[in-house]
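Both complexes shown next keep subunit A, but they swap its partner, so subunit B is in the first and subunit C is in the second.
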Partner chain A sequence: MSAVVAARSARRRLLTLQRRRYLVALLFVLPALLNFLVFRYIPMALAAQASLYDYSLLAGWGDFVLWKNFVRAFEDDIFRTSLWVSIKYAIGKVPLQVLFALLLALFVSREVRGMGVIRTIIFIPVVTSLVVAALLWSMMYNKDLGLLQSLLGVFGLRHPGLLSSSTWALPAIVVMMVWKEVGFSTIIFVAGLKGIPTMFYDAAAIDGANRLQQFLYITLPLLKPITLFIVVTQTISAMQVFVPIFVMTQGGPFFATNAVVYYIYQNGFHYNDMGYASAMSFFILALLVTVAYFQFKLLKGNVEY
Partner chain B sequence: MSWKLPAWLSGVLIAALVIAACTPAAPPTATAKPAEAPKPAAAAPAAAPTNTPAPAPAAAPTNTPAPAPAAAPTKPAEAPKPAEPAAGAKPAAVKLSFIGVQSDDQQFALTAILREYQKLRPEVDVQFELLPFAQLFPKIQANAAAKTPTDIILADGPNVWSFAYNGVIAPMDEWFDKDYVAKNWTPTSLLTSQYRGKFFAPPQMESCSVMWFNKDMTDKAGIKPPAEMSESWTTTQALEAWQKVNNPPQVYGVRWGQGNSPGQDYEAGLLRRMAGAKGSNAYKGIGDDSLTITGYFDHPDAVKGHTFFHELYQKHKVSAVEGIPNAWFDQRAAFYISPDNAMGTYNRLGAKFAYGNTALPSMPGGSQICHTDSWHYALGANSAQKKEAAEFIKFLSGPVGSKIFFDRVGQLPSHAELLNTLPDYKSAPRKTVGEMFRMHGQPRIVTVGFTEYNGLMQEFVGNLVAGQNLDVQQLATTLARRSDSLTAKYKDWQTKP
Partner chain C sequence: MSTRSDAAVTPTLRSGAGAMGRAVEVIARYTLYVVLGVLFLLPFVWMFFGSVRREIEIHGYMFPFSINTIVPVEWTLQNFLDIYGISEEGEKGGLRFHRGLLNSGIIAAAVVGLSMLFNTMAAYFFARLPFPRKNLLLAFVLATFLLPFEVTVVPLYLVVSELGLRDTYLAMIVPFYASPFIVFMLTQFLGSIPKELDEAALVDGANYWQILWSVVFPNALPALATAALIEFQFIWNLFYWPLIATSSLDLQVIQVMIASQTTDRTIYWGRTFAGLVSAVLPVLLLFLGCQRFYFRGAVLSGMK
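Now for the complex of A and B:
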């Protein structure tokens, strides 16, 4: 009997302890949760409401239009063009960034003298203001006075004017953004590489696997969760590209860089149509959730160590 | 797994979180508090205009009540800090909020005007929130949506009608009677200040573009730009001059407009209006309903103007397709289309070349025109201190405020008396600006849908500059239809309560 009482008492103490732990944990995450609630979820709820109205920031709430804004998005040629621009941008940027980040990570994860400096150099663009970087790259790309033209000029060449060309403007922005963000992905990959136990490589070496085989059959599979994280976050980030478009091309020329978030901004702030802008935002949200779901399905790693 | 933190450490962390959460946010850096303002000694010369016709009476607008007795210093023990003027020592009883555009000149001039005003009304203080141009309009929109009680809004002229239509700003007829308005500002300046018969926003300053030239370059090329308005070039003659000095990529013939982006309606929209005779659809640019631009913006005459602009970049190649920062000031362009703030920038950048200016050209078969208007002081509709704000606006836009502003910024004044008496506008180079403004100044299209139109116009101008083998007529018609579609929501603007 006394043993049963003692067990119950111990369980109660345990529960109390668990509750205390939860309470402490909750206190720690409470500021972040409040931040999310106030600055993310409440605005999202308001945006959802706005998408059902003829809403503008200046004029306030107009008529309730139900799905009109969503139907309009499907019928809007410029929205479709902008969506396609964002998709092209993501397709161009994400694989390039992942590839460069992986190569850089393989290089900088080696513990040799001076590698810390190289890692810092690779990471510097990440901490540079995106607006400043975009302005600097605009100058570098300038057809007449840019650094790129100076380099080409040595060989007697002239570039076609990257940012004023509907063919080259988007690739030029992709290159700039890969430079800007590759450092962050590199650091994540380095963390992933450091987490792979060396015994796998030792065992593979004993079995006669060469460097390439070790990379293909050990490193790459074990980096799948990291790769998944990078691909998903970078795809989401790429679909939301705005600042370089705003600074470097304003969506032009001829909609060549009119990414969807820039078009949403134009509708919300230039065309005083925040209801329609909100509807397009939810369309993008749904698209990104779907894309992320399939990326998880495709890249989900079943390799554990 | 022992993750539990020691109790004391948990306590410390939680206390730190609470303290961090309760710590007040840092004040916005753009805010100009009076204490951070230029020293009175620096502001004083600017605040005592030597050329203002009647400084003392003019400094006290007729409708401005005398300083309240309560505002007079009553407690000598609470003396001001030594560095501050005596009037500034009183705790401000009225604190006005002001949202405007950020620039060193604006901040300096506004603070200097406030100091002058505080000599009359020491109880009034102003919190300036000055933002970069690109952020100002979204901020005004966000404030309107949140019903933030901003007292004074610095509105770009073409947006005044939109703000009035949407109830973002309040009319000020109560404080600005009709005679006062008619006497103080030129009719051109008032076209955007008044909306549906009510007076909303007095102008801060005016503007009018002319053609500036690098005299060293024109002399070398043997070009003599006309000195008199009556001898102004046509665009054909101007093009010949631009081609003579054109030597890309070292020097381009002309930079058409301020900044280095393709441009906006202010300058890039001039040629399509120039292409029409005065009173024609192309010249008017917008229908009598103040909304429709189809048939005006894409009128065949207007398209001639658009085409001329396009050909500067793509056919004649006298302008840089990808903008060069400070092109004219760095001698990368021989001619420059800009208002007279070009002189201020020239001095600020320390440019070292002789320069002159001449009127904007006219198009053969068309007309001469410069776009006018600049910033306006508007009263926030949600202001809880409308009377006090309106009185300060009256001072800002009156003879004293306008003179201080001109002394600092050096841009065409909107105050009629000041403009007519300033010696600066009686001789070159500002004489050209004043004459062009009086003879050919027209505001950009005046419409409640200007924001929508201007957004599309930026896209259009970018395409005109960068596009090759363009069908300009089709491009213009597409823009006009899109603009009409976006502004159709304002069709009730003449009747909306």
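Now for the complex of A and C:
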């Protein structure tokens, strides 16, 4: 009788002990979870709410307007153009960067004298802040006093003022951004290349495959998952281009570089229309989350080789 | 160190003209070194040299292109004296880049310190502490990877405003005291430290907190260094968020300061260069000093 009671109370004590242990464990993760809840998840909820209201920073919460902000986005020519600008930017930048990074990676992954220094050099723009890079390049692009014009002058050429031309401004920003970020993709490709077992190449060499064949039939297929990953993550980040637009062109000339995140910024903070800015943010967010979701699906179980 | 690329190169060379082929290969390689070096470094060289020469000299030697287009004839620190408000001209122009650097420094120190503490604690929980259905909580963390940052800046602003943090240091510190990516990275790493160490310490009567600091922490130093460097670079280079989260000049971080000083119509090239150098130097020196951490960080964040 007393033995049963003792066993029961021992079990209860064990249970509360375990529960207390869980509670203590939870304390370790709670601050971080709270951060993610408040600063990552709640913003989404609040944006969803704000998108349904007339909301401005000065006037606060106004009338409930239901879909008005979304309908307005679909009817807003400037919003559509800005979406198109971001897409054009991504279409220009991503393939260029991936191609360039792959070529660079094939070169810099070789362990020969001096290559460590080169790897360092191409990574310097990556650690540099985007503001610094953008300012530096807008000075280089300056048509009267820029370094680019000075260099072109050696060959007797003149450029038209790249950032003030509605044709050239976006490509000029693309070039700057590829320069800035290609080192990052390169290092990832290098890691991928180093992960390919040497014996594959040895075997291919014995079978008489030349270097081009080795590249086409061994390297490229084995790099596919990494390439896919870089393409998707870069596309998502390219769709969000903001800083170079803000620093170099302010969306101009004639909306030629008015990318969508810049347009959202303008609406929220210059035209003081937070409700509309939230609605557009929410729309882009949904778009990019969908892309990211498919990326995770696509890559699941596809990374190992 | 024999790598696959060497193995791939050797047969072609052997079948080629031997020493001759090798010489050609070396020359081609060094040519490519120079091309890449110029392509990636020239803007920085131009910037560094531009910061230590007078404005009039930058413009005077721009055309035609010569060595002095880039290298100063007369070296001076005047631009730096100006932007730090030390010289009379700089003081009159209201230039206080030292304030921007100080603000960025304070914010970076706070964020790196706090995030090391809270990220490590969270990672310790995920990697080593007992809890029912931990995977659900981990999913809660990882799902934030799906949220693109620049797009969520406006919504984040709404939250920070509601909390009454607008235009304070806290607005730039509090949202970043924990990072899902760093938690994930450290979780991977802490999981690889032998669990027997914890168990031995538990038997000796240590609590979780003591185990974290005396057992796990010392074993995780390289990973923590990588995390700290990534975090520092992230927060030092942040622009969009501080731009909208603060409006008073006293709170301007260095990145916002250099951008707002130069989007005015009159651009002072020498001073701008000096500002750029100031903004880039801390991160650049850290990178050059601790490269392997950065490359590892890039690979980890690139491949998740």
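Here, the second predicted complex is superposed on the first by the 254 of 305 C-alpha atoms of A that agree within 3 Å, B and C clash if a C-alpha of one lies under 4 Å from a C-alpha of the other, contacts with A are read in each partner's own complex, and residues count from 1 in each chain.
We adopt the following convention: a contact is a pair of C-beta atoms (placed from the backbone, for glycine too) under 8 Å apart; a residue touches a chain by one contact, two chains touch by 3 or more.
Values in this document were obtained by computation on a predicted structure and should not be read as measured data.
Partners subunit B and subunit C, once the complexes are superposed on subunit A, run into each other and clash.
By the touch criterion defined above, A:Leu145 reaches both subunit B and subunit C. In the superposition on chain A, A:Thr81 makes contact with neither subunit B nor subunit C. By the touch criterion stated above, A:Ala191 is placed in contact with subunit C alone, subunit B being left untouched. Of the two partner chains placed by the overlay, subunit B and subunit C both lie in contact with A:Val24. Looking at the superposition, the partner that touches the larger set of subunit A residues, subunit B or subunit C, turns out to be C. In the overlay built on the shared chain, the residue A:Gly251 is in contact with subunit B alone; subunit C does not reach it. Judged by the touch definition given at the top, the superposed model places A:Thr128 against subunit C, while subunit B stays out of reach.
In the superposed pair of complexes, A:Phe269 makes contact with subunit B and with subunit C alike. Of the two partner chains placed by superposition, only subunit B is touched by A:Ser164; subunit C is not. Clashing C-alpha atoms with subunit B appear in just one stretch of subunit C from the list 44-52, 170-178 or 260-268: 260-268.
Residues 21, 24, 28, 31, 57, 139, 145, 250, 269 of subunit A are contacted both by subunit B in one complex and by subunit C in the other.
Looking at the complex, you find that subunit A touches subunit C at residues 21-22, 24-26, 28-29, 31-33, 35-36, 38-44, 46-47, 50, 57, 104, 106-107, 109-112, 114, 117-132, 135-137, 139-140, 145, 147, 149-151, 153-154, 179, 183-185, 187-188, 191, 193-194, 196-198, 200-202, 205, 210-211, 214, 226, 229-230, 233, 236-237, 239-240, 242-243, 246-247, 250, 261, 264-265, 268-269, 274, 277-278, 281, 284-285, 288-289, 292-293, 296, 303.
Per the touch definition, subunit B reaches subunit A in the complex via residues 4-5, 10, 13-14, 17, 21, 137-138, 141-142, 144-145, 162-163, 166-168, 248-249, 261-262, 320-322, 324-325, 332, 451-452, 454-455, 458-459, 462-463, 465-467, 486, 489. Against subunit B, in their complex, subunit A makes its touches with residues 21, 24, 27-28, 31, 54, 56-60, 139, 141-145, 161, 163-166, 249-254, 266, 269-273.
By the touch criterion stated above, subunit C contacts subunit A in their complex at residues 1-9, 11-12, 29-30, 32-33, 36-37, 39-44, 46-47, 58-59, 62-65, 69-70, 118-119, 121-122, 124-126, 129-132, 137, 140-141, 144-152, 154-159, 161-162, 174-175, 177-178, 180, 183, 207-208, 212, 233, 236-237, 239-240, 243-244, 255-256, 258-259, 262-263, 267, 269, 272, 276, 279-280, 283-284, 287-288, 291, 294-295, 298-299, 302-303.
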